[in-house]
Structure formats: structure tokens, C-alpha cells
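Below are structures written as C-alpha cells.
The following pair of complexes shares a single chain, subunit A, combined with subunit B in the former and subunit C in the latter.
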Partner chain A sequence: MAAGLSSEDFTNLQLLLKAPSKDAVRDVCVQSHRAVSQRLTENTAATFSIPAAQAAQLIQSLHTLSHHVLFYNLTSPEQILAVFPESFHSSLKNLITKILLENSPAWRTEALSRQVSLPQLKELDWRVDLVTGSDSVSRMAVPTCLVQLKMEDPCPSAVGDSISTVTVELSRESLDTILDGLGRIRDQLSAVAGK
Partner chain B sequence: VRPILFKERARDMPEQLVDMQWKLGMAVSSDTCRSLNSPYVSLLLKIAEPSGQISQKALEMTIPQFQNFHKQFKEMAAIMETV
Partner chain C sequence: MLHFAKDVLPDSVSADFQNLNKFNEQQYKRLIEILFQFLLDPKETDRFMRQLTEFAGEHGISAGPLRNLMKSVLLVPQGALKKNLTAEQVKQDLLTLGLNEEKAAHFSSQWGENYAALSRLAVGQTLMVNQLVDMEWKFGVTVGTSEIQKVGNVFLQLKLVVRKGNSTENVFMELTLAQFYNFLHEMERAKASMECFA
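Presenting the complex of A and B:
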């Protein structure tokens, strides 16, 4: 959820001045975006030589900042710099902005793939069979298609597997009906793209 | 090239796809990204089990995935044509 940034957050961010290197700043920015964890807090406290309580606040504020940038899709340096108060340490502000800009595209892609959705299509496999006989008809030559769809549920239940598989058989008629439907989707896409 | 199997139909028939409903949508916004503008296709597949019972499966795909999906089905139809 996109929580707003407070002046306290910017105070916490200035703790980054205690970082031993620019890489350490980069690391904590990237890791705090993903999740705020006890382990990250402990590592940051050790790396920056600051108390755990301060490390926790720093990580939370970084998390809020990176998610703010993601939510509002701030993609230019000017847009991100404008988030900081006037009094904020200038070179630190520039470094943080650079790190956020570098990582934003990957964060956005990741957010898009993890958002609320129906199970996502993962794989489509198929095979055409020629059925040559059955218990009711001894000789025949009927082509059928066997299609297997693999879907991944982005919000799986705790117990269930996130990947589900559906295997279905399609007759020529069913396949034609499906193709008809897919053709209409394609037409709609062209119509929307053309606008 | 997909292998084509010649086989006898067993008494247990596989599940049949009986209907496919579709929707073309645009994801506008979410809790993580205020401005998404991300189109998607969702499908509702109706599947008949040998018993006659109908089950449903819903899924979503991106536009590039849909284009590949469409291409695969066209290939299936082309092969069915030649068999």
C-alpha cells in the first residue's frame, strides 16, 4: 500500500550517511524494497554501525520511499528529486535518486507480474492425434487435438500448489469455434490499438 | 513438428473443451502502481468430464502471450487439416 512520506522518513534516510560505501547504500535500498525483515535490520545495523532500532526505521523509510516512487511511476530525476525536502543532504539525495531510477524498471515489471489477477497462463502444449478406432466404431480416422494448459496462480492458497494443469481434447468443430473467438479478440485488439 | 499419435480410443474419454468465453480488459491501476495501462485477455474455459459434469477454469494472459496462443491454435488447425 502506498503510505505517504513524512519528515520523519527523511530524517531516517539521512542515516544512510553512515554507510561504509555507495554499494552498501545501493544494497539496503534494493533489499528494503522487497521486504522489511529482522535479518535485513540486523545486517544493516552491523554494516552501518548503528543501533538496530535506527536500522529498522531506516529500512522502513526506504521501503516507503521506493514504493512511493513505484506507485506514482516517477521516472525522471526531476520527479524523484522533488520528493525530498530542500534541506536534505544534496549528494545523498542525488545518490538515492540514481539508485531509485536504476531499479524502477525492474521493480515495475516485478509489480506487474505479481498483481491481483486470475491464474496466469504459463505454458501451452498440444498434440494432434488420429483416432483410428474405438469401442463403438471399429475403423475410423478422426483427428483430435489434445491441449495442455499450465497456469500459475499468483495468489495461491497456503496448502495448494501454485501451478495447475488442464488437459482437454478438442474436436475439429471445437477448435474452429475457439479460433473464431480468438480471431475476434485479435480484431478487438487491432481496433483498440488503432484508436 | 509435433508428433502425431495413432491410437485406439479407450473407454475413458479425456475431458472435452465445450466452450470458451473471453474478455479483453485493461488493468488501469493497482495498490502498487497507480497508473498501469496494461491490457490483458482473460478466458473462461468450460470443460466437460466424461461423467458429464462441467467444470470451469479461468485464466489471464498478456497480449504477447495471447498472440502466441492464437498462433498455436492456428497451427493445430493447419495440422488437423492435413491429417
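Presenting the complex of A and C:
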């Protein structure tokens, strides 16, 4: 969520100056983006030799910062640098900016793939059968199509399975109707793209 | 040896066909007309019964025995449809059952005329599993999310209505543009495959 950044956040961020290495800064930035957890707090406190309470605040502020950059799609160094107050430690500011720029594309892709959505179509398989007999007619030759759709719910409920499968049977007429509909969608999409 | 049925038929059936011979040409043709009307619209059992009752009244015969007679007669076209019999085979069976030449010929010519429509009907009643009955869709652009203020991705949402037994089930899904084009491509391939059997 894109919460605003406060001066307190920037005070917390300066705790990064206690990092043993640039890699440690990178690690905590990346991990805090995903989630703020107890384990991360403990590890950070240990790595940076700071009290757990301060580690927790640092992680929270990093999380807020990285999500702010993601939400407003700040993609240039100038845009990100402008977020920091004038008084902020210059080298640290540059390092954080660099880390945020490096990871933003991946974070954006991940956010898009996990956005609120209906179950996403993941896989589509089909087969065409020739029905040669049934209880109503002993000899026939009627083609029919079975389509299997595998969908993944990006936000599954705790109980539910995230992957669901649906198999539908289509007569030739149904398939023609579907293709008709899909064709119209394609035409409409082209019209929109053309604008 | 009958074409339309393997099992031995009850004696009453043979008696019913003998009785069918007793109707004059006009009456017989009307009964056959009623019969085929029913075969082409098998859900209209009430209408079938009503027409037989009316016929019985018009010609001073009892409705009950007439209905039973027609139920026996129905066995022939129903069996013939299952076995894809020709008009000639149907005629042979009717003669074997004791129907006279003229009446058998009339029946088999009606069979020939209506065969295509009756076949289509029978095929249409063939079991379909999870039949797709309807598809609805909408597409649009995602303009923003709680994580990203400005987005510009096209999404497509599909609702498939699937018949499950006596009721229907709705299946909702979302596709990206790439997935949509893949879906379209695959359905075109499936259609091409089906056309091989045309």
C-alpha cells in the first residue's frame, strides 16, 4: 500500500549507515519490500548490531519507501532522489536509489502478477473426438470438441486450492459461435489499439 | 427376422399391426401423420395423446385401445432410428409384422422423407458432458491498482456457462492479451480439426 513518507521514516533509514556492507543494505531493502516479518527484524538487528525495536522501524520505513516508489512509478534517479530530504546522507541516498532502481522492474512485474483478479487462465488444451455411437443412435459420425481450461486464482482463499480445472464440451455450432465471439473481441481490441 | 428389434416382441404388437390394417386409407394416413408429428417433436406427448383421443372420437372408436395400438406402432420408427434403417428395411419389417403392402409402402415413404430430420434430432439428444451453453465477455484496461498507481494493461474477462446435469454453472476467468490470442489460435486449430470430419 502506498503510505506517505514521513520525516521519521528518513530518520529510520539512516540506520542503514550501520550496515556492515553494501550487500547487507541491498538484502534488507529487497526483503523488506515483500513483507515485514519477525524473522527479518531479528536478522537485521543481528546483522546491523542494533536493537530489535530500531530494526523493526527501519524495515517498516524501507517497506514504505519501496512501495512508494513502486506506486508512483518513479523510474529515474532524479525522481527517487527528490523523495529524500535535503539533509539526508548523500552517499546513502545514492546507494538506496541505485538499489530501488535495480529492483523496481521486477517488483512491478510481481505486483502486476499478484494483483486482484479473477482466476487467470493458465493452460488451455483441447481434443476433437468423433462420436460414433450413442444410446439414441447406434451409428453416427459427429465431431465434438473437448476443451480443458486450467485456471489459477492469484488470491486463493485459505481453504481453496489455487488451481482449478474446467472441461467443457463443444459442438461444432458452439465452437463456431465462440470463434465468432472471439473474432469480434479481436476486432474491438484492434480498434482500441489503433486509437 | 426383424431389422428394427432383436428381442422377441409381445404378441400384442402383432395383433396391433393386424388391427392397423382395418383402417381405411384416409384414416391410416391421418394416424401416420399424427405419429410422425410426434416423432419430430418428442416432447409433445400431451398433444400426441390429445390428437389420438380426438381421432378416436371422430371415428367412433375407444381412445384407450387406440393409444395402445399407436404405442406398438411407435416401436418401429424408434428402433429403426437407433439402427439407422433404410426405408426399404422399415417396409420389410412392417410387412413381417403383418401390415398390408399399401400401408407398409406409405409408412416407409414417410420414413424416407423424415429420416434426415429424425436423425438430426436423435444425434442432438446424444450425451454431452459439461456442455458449453453460453459465453459472455468483457474487456478493458486496468488503470491502477493498490500497488501501482498507473497501469495500462488490457484484460479480458470471460464467463462460460456450463451445463451440469439439470442446472448450469458459471465459470469466470481472466486472460491477458497474449493468452487471448493463444485461446483464439487454439480454437481455430480445433475448428480446423473438426472440419476434417465434415
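Following the convention adopted for this analysis, the second predicted complex is superposed on the first by the 195 of 195 C-alpha atoms of A that agree within 3 Å, B and C clash if a C-alpha of one lies under 4 Å from a C-alpha of the other, contacts with A are read in each partner's own complex, and residues count from 1 in each chain.
In the analysis below, contacts are C-beta pairs under 8 Å (C-beta built on N, C-alpha and C of every residue); 3 or more make two chains touch, one makes a residue touch a chain.
Worth saying up front: this structure is predicted, and the values here are computed from it rather than measured.
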Partner chain(s) touched by A:139 [first = subunit B, second = subunit C, both, neither]: second
Partner chain in contact with A:148 - subunit B first, subunit C second, else both or neither: neither
First (subunit B), second (subunit C), both or neither touched by A:49: neither
Partner chain(s) touched by A:37 [first = subunit B, second = subunit C, both, neither]: neither
Doubly contacted residues of subunit A, that is, touched by subunit B and again by subunit C: 1-2, 67, 70-73, 108, 111-112, 115-121, 124, 126, 128, 130-131, 134-135, 141, 143, 145, 147, 149, 151, 166-172, 174-179, 181-183, 185-186, 188-189, 192
Residue ranges of subunit A touching subunit C (in the complex, touch as defined): 1-2, 67, 70-73, 108, 111-112, 115-121, 124, 126, 128, 130-131, 134-145, 147, 149, 151, 166-172, 174-179, 181-183, 185-186, 188-189, 192
Contact footprint of subunit A on subunit C as seen in their complex: 81-84, 119, 122-123, 125-132, 135, 137, 139, 142, 145-151, 153-158, 160, 162, 171-177, 179-184, 186-191, 193-194, 196-198
For the subunit B and subunit A complex, residues of the former touching the latter: 2-9, 11, 13-18, 20, 22, 24, 27, 30-36, 38-42, 45, 47, 57-61, 63, 65-70, 72-74, 76-77, 79-80, 83
Subunit A residues within the subunit B interface of the complex: 1-2, 67, 70-73, 108, 111-112, 114-121, 124, 126-135, 141, 143, 145-147, 149, 151, 164, 166-172, 174-179, 181-186, 188-189, 192
